[in-house]
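Okay, so here's the structure we're looking at.
Chain naming follows the written order as A, B, C and D, and within any one chain the residues start at number 1.
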Amino acid sequence: MSIYLDKNSKVIVQGITGAEGSYHTERMLAYGTAIVGGVTPGKGGQQSKHGLPVFDTVRDAVAATGATHTCIFVPPPFAADALFEAHDAGIELAVCITEGVPVDDMLKVVGTTHGMRIIGPNCPGLISPGRASIGIMPGHVFKEGNVGLISRSGTLTYEVVDGLTRAGLGQSTCVGIGGDPIIGTTFVDCLRAFKNDPQTEAIVVCGEIGGSDEEDAAAFAAEHLRDVPVVAFIGGRNAPPGKSLGHAGAIISGSFGTAASKIAAFEAAGIPVAERPSDIPRLLSERMAAFA
Amino acid sequence: MPDSPNLARMNLMEYQGKELFRRSGIPVPRSQHALTPEDVAAFVASTPGEWVVKAQVLMGGRGKAGKIKFATSADEGRTVAREILATPMPPNRQNPKGEPINSLLVEEKLAIRTEAYCAIAIDRAAKKPVIMVSRFGGMDIEEVSEKHPESIAKFYVDTAIGYSPFIGRELAFRAQLDPGYRRQLPGILGSLYEMFFRYGAKLVEINPLALTADGDVVASDAKVELDDDALFRTPEFKEWHKTLPLDEDETLASNAGLGIRNFRRFPGNVGTLANGAGLAMATMDAVSNAGGAIANFLDVGGGANAERVRNCYELVVNSTGATAFFINIFGGITRGDEVARGIVQAMAETTSRKIPLVIRLTGTNEEEGRRILAEAGMQPVETMDEGAREAVRLANAASAK
Amino acid sequence: MSIYLDKNSKVIVQGITGAEGSYHTERMLAYGTAIVGGVTPGKGGQQSKHGLPVFDTVRDAVAATGATHTCIFVPPPFAADALFEAHDAGIELAVCITEGVPVDDMLKVVGTTHGMRIIGPNCPGLISPGRASIGIMPGHVFKEGNVGLISRSGTLTYEVVDGLTRAGLGQSTCVGIGGDPIIGTTFVDCLRAFKNDPQTEAIVVCGEIGGSDEEDAAAFAAEHLRDVPVVAFIGGRNAPPGKSLGHAGAIISGSFGTAASKIAAFEAAGIPVAERPSDIPRLLSERMAAFA
Amino acid sequence: MPDSPNLARMNLMEYQGKELFRRSGIPVPRSQHALTPEDVAAFVASTPGEWVVKAQVLMGGRGKAGKIKFATSADEGRTVAREILATPMPPNRQNPKGEPINSLLVEEKLAIRTEAYCAIAIDRAAKKPVIMVSRFGGMDIEEVSEKHPESIAKFYVDTAIGYSPFIGRELAFRAQLDPGYRRQLPGILGSLYEMFFRYGAKLVEINPLALTADGDVVASDAKVELDDDALFRTPEFKEWHKTLPLDEDETLASNAGLGIRNFRRFPGNVGTLANGAGLAMATMDAVSNAGGAIANFLDVGGGANAERVRNCYELVVNSTGATAFFINIFGGITRGDEVARGIVQAMAETTSRKIPLVIRLTGTNEEEGRRILAEAGMQPVETMDEGAREAVRLANAASAK
């Protein structure tokens, strides 16, 4: 088992004939993902260069292929529209790779597309190693196994996973939730899913400064994951403090999470925080041994 | 840092924010934007009355700094304008360099009965816009939040439903505003909410929101932060964007073709470049962990090509104290072969001085990338920690010369 | 039992200090309705002339009284706002008496206030005879019993109920759903509720020309109410056809229901349609005898 | 009838609809509204080109009726304008009286490649706005609906989400529009959706939506029905409202202080008045069932007072062939005592001729109401059927004289 994605998940690609969409479709197919078609308005009826059927609309694609998942590669001004279209067509899970989506667009999307899980935007996607990958993650770094991983960062995720894989710690599912202020799926959402996934035996949470998602994750873990080994990492520990947003920003929940506050939250929840990514495999192994 | 809300960039000056208020139907005092003391004098001469002359800067604390003055005649207007423009805004804790003053707003002096505060911001955790109202207007809201946290009434808006006037009414009661606000606040907050989405804002704040002796509710100041990512929707702001002061790092980043949030300098000697903000931060952490001092943060972004890598190299070499350069690429969307070509080309073409390179390249197309680097006589290291140690060693060695 | 409203339902009145609100609050109290307070912005802390606490906001009223039901007497430009406020405060059922609410306001309200049942707008409210009444119905006409009644019209409802009561046929709940194009609760919603109400043994549906709510009700009854005596009445049988809306209107579902189409739908569902209101008690008695 | 969508009143003329389109960012041809042939001539003289002169009426079928003509010179403009204004729109099945022509629209003649249809209306059953698109533009949409029902693509909009461009894209594909529409349709429908809610419309229709030889998509006609109940939001339309032709019944109703939908005349001799549309219809049905012929529909509304009842009495007596008058009041919000006072006062004060009254008064405050009537020497009947029978008897007796 895995969360959100397995090898039977039928996936379409919105923007399949664009340069990035086409390139990563090829890679996802190579990884074994069940990509069943793509969407490019005006190219309905054609075939993509991968031999996949192209549709004018998500609705057409879903009707013809039974797709439940979508991977969105469209420019930022059109990302919210692509998400609304996917939702309207009954898609269950949408991965939005696009970087630079206006935050107010996401406020509207996240507040209205109930019933559809969104990963991202500005994220590398998710992968259930050995089964399927949606997004842009380099598949060869990953290895099937029992560690669930959640990360706000893209390349840092690969870094951490690379270490896990080299240490023989395979992964159940790795989710890159994205670094934007408003995202569809949070750490807590993923933790809840991992909790219910029989394959996942340990969890790595890769956070970074800003926001309060890590603090929320620590609180959730303290309450619901007492019996699961969890290790955390916080990127940007040594980053000098950014400019203060000042004014209203500072008095709203979640706008000003420092590395110290996040580390303290995890430690209070009994979760060790790795000082460097390369420390994660050792800490996790120790933790797993302690729980065994 | 790049993903942090701390670096929201498109902060509007008061006069720009008030222009948006005006377009959105939010009452603002009569006013005129002015660049010189003569402009101020001419305006006051042509429109007699009592006027306030305010420095147009992003920093707070204008009043205490003597950058808000009054004028009732052309001569007085000219004089106070000169006084305000004579010196920049003095530094404070948040802005240690102060801020130059390039323009002024001449504004009708209001007869104010009392002042309140209102704003719309984004709550990341709730994933909702939040409307805030307080009866403590004209004070720094962070200070209000510390001293009178109960005085700030908040409403988290469900974007599926949107704004409805009861929200403003309820906030006026909960914040215990002067009853004079009740009739007008719901409409003003409605316009503010509409403006928030129409112009793609991250924060809109009216502080103070004045209640005048005549019973009118008027936005006496304006603080608006727009989302850079939404600027495509409002091409009319491109001009304004240019008028806003970029700091040196932002200017350098922009000139190198990077996003203004993607580059930042520090006092150390280890230059860094990574792809992705998370990895760039982790790279800085790795250098620190290896006992080194970083010269910069640099996120080359997701789609780095040869030209961009060269620009980044030159940016770091020419603008920081870097004596060695650690390039840390983990390929996902960025392809290792492209990066490798970029590095090779950068070193071949650059007219900048050469400093030692340490290259860590893995992920997508890493074999091809490494082959290219090897052909050019460069050898990548295996891990980030190893690269950081090597870069610190080389930097310190070079700096010691 | 009854539907939507019983004597323990705690009710507030939005607009309690206005002329209509105050007058009908008095009548509702006299009927025995558990009115626990009212809302008039700016009069919070005062008492209404009935001795009820007045609050500035619905939220305050709900917090202080535990109200679950509201009755809205506010002018048309403010009706949608009153409904949004009730929804936000967690009200379960809102009766909107107001006539002349813009139809696009109601499109937004009905499409977004999920979880709150709305009766109306432009309706006389609902009454569970002998227990409670919300709205403006003349209570003395009604009598407790086992007939559920649903009507799009106000005064016609009283007419029909008067006949039922005189014939000894008491009512479980009578709902005036309102005559506007967009309403919160439809015939079908009420039929579903009556189906699940043990007290309700027979149902009267009072429709009129226009819309397709009667046709939908007939279809629902044909499928789900085969074992329940139902009688219908359609007002406006003899009304000459109105001006044609023409164009787009005519090709949209539900915009052009004639008396003939409604009568045919009920008859196809095995439901007798009374020719005049005064025929309803006899038809219903026959029907109840046949089902007994 | 009052509650029926058939009597939506605020139908805009083409030139008014296009003004709303213009304000909403929907492309329309250049045009000028004109009242006289001289206006047309002056406009064509000042702006040379090829122009279309169109009668401004609410009826369809202008082209077939010769009420759309072309002009390329001032003289030609004057001539065709005179021809159009010379006679009213001829009657058709839906408008048996035809329609007077009071003004003209002079509009740029478009080079049209093809035509489509689009509209937003309200679906009562779905409780949603529905956007409709068809490739059969310029035809009567009811005819298209009959002959090519599959050609009309519909999208039911969830108002919690609102409009997003994919909706227009999807509709363009589903309706198999010419590919030339694809880029522009999503934006046009978005503006149309925004306009629908901003101005409180019940129907907005563009038929035809032209695709020009230059590749522009332009609204070639405009049909807009606004919701009377939303007019408070747009006071700027009050002027327009007055320019729209009310029919005789509507004018009479309006003059009597009733809603224009609350009164309608028929050829019979039994006048009726009831409170509430449902009861008014049932009253008409009761008169018909009693073998009578109704003279009118009249819903006195929810808050009838003495003056209003008097006005209604006079309206019926003076404008219909009623020889008896059946007043059927069932009191809910309307109080029986008020109605009774109104009736007594009406009969005391009216200078109109007296016709026999049959009064049925029950419900709220019925005892008090009956007492008042009894004191004035009037006796109410017990039931609606009884009242209808009595009114028919009296009317026929009076008519037979």
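The rule is simple: a contact is a pair of C-beta atoms (placed from the backbone, for glycine too) under 8 Å apart; a residue touches a chain by one contact, two chains touch by 3 or more.
The structure displayed is predicted, hence computed values, not measured ones.
Asker: Using mean Cα positions as chain centres, tell me which chain lies farthest from chain A.
Answerer: Of all the other chains, the one whose centre lies farthest from chain A is D.
Asker: Check C-D against A-D and say which one is joined by more contacting C-beta pairs.
Answerer: By number of C-beta pairs in contact, C-D is the larger.
Asker: Round to the nearest whole Å and give the separation of the Cα centres of chain A and chain B.
Answerer: Result: the chain centres lie 27 Å from each other.
Asker: Roughly how many whole angstrom separate the Cα centroids of chain A and chain D?
Answerer: 54
Asker: Using mean CA coordinates as chain centres, what's the gap between chain B and chain D in Å?
Answerer: Averaging C-alpha atoms per chain gives centres 53 Å apart.
Asker: Where does chain D touch two or more other chains at once, residue-wise?
Answerer: Each of 160-161 in chain D touches at least two other chains.
Asker: Mark out which residues of chain A touch at least two other chains, giving numbers and ranges.
Answerer: Within chain A, the residues that touch at least two other chains are 112.
Asker: Going by the contact rule set out above, which residues of chain B touch chain C in the complex?
Answerer: 158, 160-162, 164-167, 169-170, 173, 179, 182
Asker: Under the touch definition given earlier, write down the residues of chain D that touch chain C in their complex.
Answerer: Within the complex, chain D touches chain C at residues 1-8, 60, 94, 119, 121-130, 132, 140-142, 145, 152, 158-160, 196-197, 200-203, 205, 207, 223, 227, 229-230, 232-233, 266, 274-279, 281-282, 284-286, 288-289, 294, 297, 302, 329-334, 362-364, 383-385.
Asker: So in the complex, which bits of chain B are touching chain D?
Answerer: Within the complex, chain B contacts chain D at residues 160-161.
Asker: Which of the residues in chain A come into contact with chain B in the complex?
Answerer: Contact set of chain A toward chain B: 20, 24, 27, 76-77, 97, 99-105, 107-108, 110-112, 124, 136-138, 141, 151-159, 162, 179-182, 206, 208-213, 216, 235-256, 275-278.
Asker: Write out the stretch or stretches of chain C touching chain B in their complex.
Answerer: So the residues of chain C in touch with chain B come to 41-42, 44, 56-60, 78, 80-82, 84-85, 87-88, 112-113.
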